[in-house]
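Please read through the structure below; I'll follow up with questions.
By letter and in written order, the chains are A, B, C and D; residue numbering begins at 1 in each of them.
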Amino acid sequence: MSMRKICVVITARPSYSRIKTALKAIKEHPKLQLQLVVAGSALLGRYGNAVDYIESDGFKIDAKVFMVLEGENKTSMAKTTGLGVMELANTFYNLKPDAVVTIADRFETLATSIAASYQNIPLIHIQGGEVTGNIDEKVRHANTKLADIHLVASEDAKERVLKLGEDKDYVFNTGCPSIDIAFKVNQTPKLNFNPIEKYGGVGSNINWQNGYIVVMQHPVTTEYTKAKESVLSTLRAVHKLGIPTFWFWPNVDAGADGTSNGIRSYREIHKPRNIHFFKNMLPEDFLRLLINSQCLVGNSSVGIRECAYLGVPVVNIGTRQHGRARGVNVIDVSYEEEAIEKAIVDRVKQKRPIISDAIYGKGNSGEKIADILAEVELRFHKTISY
Amino acid sequence: MSMRKICVVITARPSYSRIKTALKAIKEHPKLQLQLVVAGSALLGRYGNAVDYIESDGFKIDAKVFMVLEGENKTSMAKTTGLGVMELANTFYNLKPDAVVTIADRFETLATSIAASYQNIPLIHIQGGEVTGNIDEKVRHANTKLADIHLVASEDAKERVLKLGEDKDYVFNTGCPSIDIAFKVNQTPKLNFNPIEKYGGVGSNINWQNGYIVVMQHPVTTEYTKAKESVLSTLRAVHKLGIPTFWFWPNVDAGADGTSNGIRSYREIHKPRNIHFFKNMLPEDFLRLLINSQCLVGNSSVGIRECAYLGVPVVNIGTRQHGRARGVNVIDVSYEEEAIEKAIVDRVKQKRPIISDAIYGKGNSGEKIADILAEVELRFHKTISY
Amino acid sequence: MSMRKICVVITARPSYSRIKTALKAIKEHPKLQLQLVVAGSALLGRYGNAVDYIESDGFKIDAKVFMVLEGENKTSMAKTTGLGVMELANTFYNLKPDAVVTIADRFETLATSIAASYQNIPLIHIQGGEVTGNIDEKVRHANTKLADIHLVASEDAKERVLKLGEDKDYVFNTGCPSIDIAFKVNQTPKLNFNPIEKYGGVGSNINWQNGYIVVMQHPVTTEYTKAKESVLSTLRAVHKLGIPTFWFWPNVDAGADGTSNGIRSYREIHKPRNIHFFKNMLPEDFLRLLINSQCLVGNSSVGIRECAYLGVPVVNIGTRQHGRARGVNVIDVSYEEEAIEKAIVDRVKQKRPIISDAIYGKGNSGEKIADILAEVELRFHKTISY
Amino acid sequence: MSMRKICVVITARPSYSRIKTALKAIKEHPKLQLQLVVAGSALLGRYGNAVDYIESDGFKIDAKVFMVLEGENKTSMAKTTGLGVMELANTFYNLKPDAVVTIADRFETLATSIAASYQNIPLIHIQGGEVTGNIDEKVRHANTKLADIHLVASEDAKERVLKLGEDKDYVFNTGCPSIDIAFKVNQTPKLNFNPIEKYGGVGSNINWQNGYIVVMQHPVTTEYTKAKESVLSTLRAVHKLGIPTFWFWPNVDAGADGTSNGIRSYREIHKPRNIHFFKNMLPEDFLRLLINSQCLVGNSSVGIRECAYLGVPVVNIGTRQHGRARGVNVIDVSYEEEAIEKAIVDRVKQKRPIISDAIYGKGNSGEKIADILAEVELRFHKTISY
């Protein structure tokens, strides 16, 4: 029997981190052949050069697809997606995969879904059924409706995908592969590197050895013009508290430049002495940094997902993770400076360890995904199940 | 109060016929301003020049969007859609509508949905919730998940959209505007024109005055290579029966050329004396032709929808209308020549009139749609309702 | 030494015919590796399926590029070219050729030139320096200015390319490869097949055995709306004369549908009994058909080029071949019906054989081209030579 | 008589500065109506937000065209151009200009030329006939061959355009509009603002009041990978000399990020105390800054053009201005650190004022351009003039 060609499309750095153990498991599975497409912001230096990490992790890239349109607005998100459909249609036409994998809910993932489903290539959606409440959620559920097979990350999500009219024989709860990495890192949790020495970054050379917090705050798409304002609240709160802080730049989105410019201008003017800025970090190093931190601040899904498993306290700001199942480790706050400040103080004082919560899996998701991809019937013809 | 700008995107001739009375009602509504975008195959001569009918019906076109890529395969469907996203994103950026309307389930309607929703323009989907069982259905439900407001054509469809997790305050059963035209035509049902004199067409000058049937058979997207074979079965059956027949060419799709070439080559070789071919017809004339016919043969949704209301017997071939609620007027058959032949004989003998079935509305859908568009809250932020 | 990878882009049926012997010579050259890209209308059934001939001639196609936008107007020519740049940029990025070959002057050839030159891939232009007097000529000379190496078809053309500021060390008169085929066919000039039996076609089953003429008339881009009118003049003249005629459909261009529709409607209405229509023919068969014809009518470059070499009388209509060196075999006429009629009568009476004229080469162009490609310095950095 | 609609496409900040007085003259001309299209990097914050200056100068923008593809490589230059053709074809289709103006030689200007010429819109090329020796020169001359009317900046350039086969009745030496601004600024040459107070910028707060130099160094496209290395040579030389320096970031190009990253990393590591960095400046302020400087260093065309007129000493580095007529104010050097250092020392010592050189006009180019556009025959059909 010839191997099934599974084409996975990575369009952004965080998607890669989330899917990495599944990629490895697919690559090593005797019945599967991995076709890896790296596209969109995952190819671009100013969004963290995910492509370099992918290659240095030993993956062979079958196609690189440049599709990001500059524009600093929502129109460019739409046009990037349109261009992505055109480019990925070509890519799949040439690679002739047996199935295509699209991941989660970023706007450009719909390009993968259209390019595959319109060409009658069985489409597998990873991490459907979650709730976030803005364009991301629309995209996620649209991906579900175009997809033939669903690999979801929690029971909660599975139930939602079934309600969306999908056939239960094609919906599988595999957990989230990001937990696989957290699981492995958690075996040897000690911080085994000096972050500033290893990653450089800019800003103050903070004294982090006696405790620090981590901030990662992304722009929220539907509040485009407020992106700058929102990040400034967090900056002022963190600056005022004076706790040594590692701050990570956001990834691309409409509004990324609002957030990035907010951070950049605050830095230039106020030169906050307790904050050091990084562009990005190897996922394993990032998780170890979190395990050893006093808390994570911002709106990253890492706070909801990996930190639940790892028992790291989280201050979750705003609506970005709205509606997702969360563990006891999380406090939700609005964009108000005082609320953020108060919540950070609360979380830093939180008695450790917090109990680990396995809602997003137990560390074997990558293998589960590969096994299902090897065995599931690859259909491309479906109808609603009610 | 300034008028709401409602931007409707027409991408194909049949979509226009279906939505026409709603366009008129929007145009005439005191609180609404119609922005009309004509795109895709609706602009092209070889798909029936819908644009000419639109203009001769008195509509002003605000933008024409050329986006159809030649290719005669499924890849070009995907690329047409990608290009459509890019072009329509520009169009909406310039027209600045208060809401955008996307219609039904053709592959390129997803371009309208992405271009609007990604730019946070409230998206209204007309005719969600129906079941067809191939890529069209995937597209239809993906449109539903991107849309903020839903105007469906039947109770059946409404229930399905609610199950898909949409908020009941934003789902309205308006019936199908195509029934409005059928309603009006049915007031004066007599055939008041000579089809061949008025529309020319090609093929034999058939003697239709003593009874005739009508054929309209579209290619089915997921059965691309079989398009030719399928249409040949119907051609042979119709040819053999010898009943005077008006045959309408299919509209564009991957495979259109399979179907078209099938028809063309059969014509050249067999010169069937009982068949006359038309490219297209004014909707009112077409409906009057149906009312006075012995039956409709093929896989057009007109058979399911208008013919149910008008009580015209229908032989529905193959899977294209699979899963849609149908009236007693319809017999379903496979692609087999004998089965088609037998079903036509049966339907032609059917005692008339067949009872009219109002599942798709009663003739006032256009106005209902305009009224809702004038009053509904235009939101663009939603979340799943379970 | 590794072989030079020469990437040739074929975008239309006539370009293939013209370049075929060069492709063969490149493929067989010990120092060259042919990379063949088939794009644009060369992939499409309604423009003659050049791709099928290419494959049946034994060439392996490295990439197929769908880029033709439907639109039936000049805007779609521009957009097709824009899309071509995007697609071909990808193609060259992946194929990594040592040089790219762009051919002649069709509008979309500029896409090849931009995609190559902007990526610093040495660009070779075949058939620069000729004069035609409309957008084609603009395109041809723009190709020259983007190209690094020039393989021209006549001394006349060479002189013009040099005047355009190109360095004489990179301009070579190779003659036209189309003459290679004419040369070979002319060794065994007898008509060795029955055209209607072999190619089918539509229209009257004419009695060609005792003499016939051949018509091939393309639309002239800058006279878009006149395309239909122009072809009707020729149709009326040819119809009136009653000489058995083989008529070839035109290839794609803005206006193609004007010409095609003109022919189609004339056929339906007048059913001219002396005309048989073909879509296309193997180049060798077409040349043999010409050799045995009484004359060629229309505006094809075959009349100027191959027919000069073969000594076939030509009635050249209108401005399309304006400014090109021509032999004694040609009479030029306007689009007037009477003028065309008169010229055909004159040419048919022309005493044969007409003297052969070798201005476009002597039958070894393909090999010359391959030899130059194997030896010339492949540069991509040039400056104007005055 | 209705006014001629002249559509000018601005794709980058430097193009705007260069053409500004012509835009004003067109806008104010009684026989002309200006249609202004702002496209490409002129719309983007990280390339200096030219769009803001354009609007604050009182120009109304008729269309904004987002077309820049991210990619940080030469492939994205090609794809940006392809997308530009598609977008601009739409724009011209909707604006229906009587003529389109394309400017100079940036890679994306060819998109303007194709979109106009393929739609038979008369194309006017400004600043043809100049020599630079890389892809820019290829693009410039290709623009010339697509254009119908030529407005060149010097006698030298005029002669070259004529040699390229253009008809002398359609080639006009108008001088360069950038000299108009220089002319006006030179009336009141005193530095009437504090650069750091007015423009912010980053880096050391240098003591410029007693003399300073200005640096502006762009990446050279065909030496993509060397962009970083080249700028580092200049940085080291300038840093070592210790003269107070205003350094301007480069505009976009493949390699822009090499240059930008080179500057950014040097700044972070060496924190050069004598250098202050600006993103951009109002053209008038920039010229006044140059007039009062000791010399300009880098490879900007301002050194060749405006500085010749203003008599400002220039150290011109590398090949970017290769082959352009230059005044006595310029010293040319290679990319070597020592050579640059030595040349700066020489130029700073240069006795002032240097004689002004009017090769690029005398200050009335904008008006000359408008007058010609109002009177010239707008043709779109041309042929080579030899």
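Please note the rule applied: a contact is a pair of C-beta atoms (placed from the backbone, for glycine too) under 8 Å apart; a residue touches a chain by one contact, two chains touch by 3 or more.
In this text, all values refer to a predicted model and were calculated from it rather than measured experimentally.
Student: In the touch network of chains, how many steps separate subunit B from subunit D on the shortest route?
Tutor: 1
Student: Specify the chain most distant from subunit B by Cα centroid.
Tutor: D
Student: Please report how far subunit A has to rotate so that its Cα atoms sit on those of subunit B, a copy of the same sequence, as a value between 0 and 180° in steps of 5.
Tutor: 180
Student: Between subunit C and subunit D, what is the gap in Å from one C-alpha centre to the other?
Tutor: Going by mean C-alpha positions, subunit C sits 40 Å from subunit D.
Student: With chain centres taken as the means of their Cα atoms, state the distance from subunit A to subunit C in Å.
Tutor: 53
Student: Counting only residues that touch at least two other chains, what does the list for subunit C look like?
Tutor: 75, 79, 83, 86-87, 90
Student: Which subunit C residues qualify as touching subunit B in the complex?
Tutor: 41, 43-46, 66-73, 75-76, 79, 83, 202, 257, 268
Student: Considering only the defined contacts, which subunit B positions touch subunit D in the complex?
Tutor: Subunit B residues touching subunit D: 63, 86-87, 90, 94.
Student: Which of the residues in subunit B end up touching subunit A in this complex?
Tutor: Of all residues in subunit B, those touching subunit A are 74-75, 77-79, 81-87, 89-90, 93, 107, 110-111, 114-115, 117-120, 131-135, 137-139, 141-142, 144-146, 160, 163-165, 222, 322-323, 380-384, 386.
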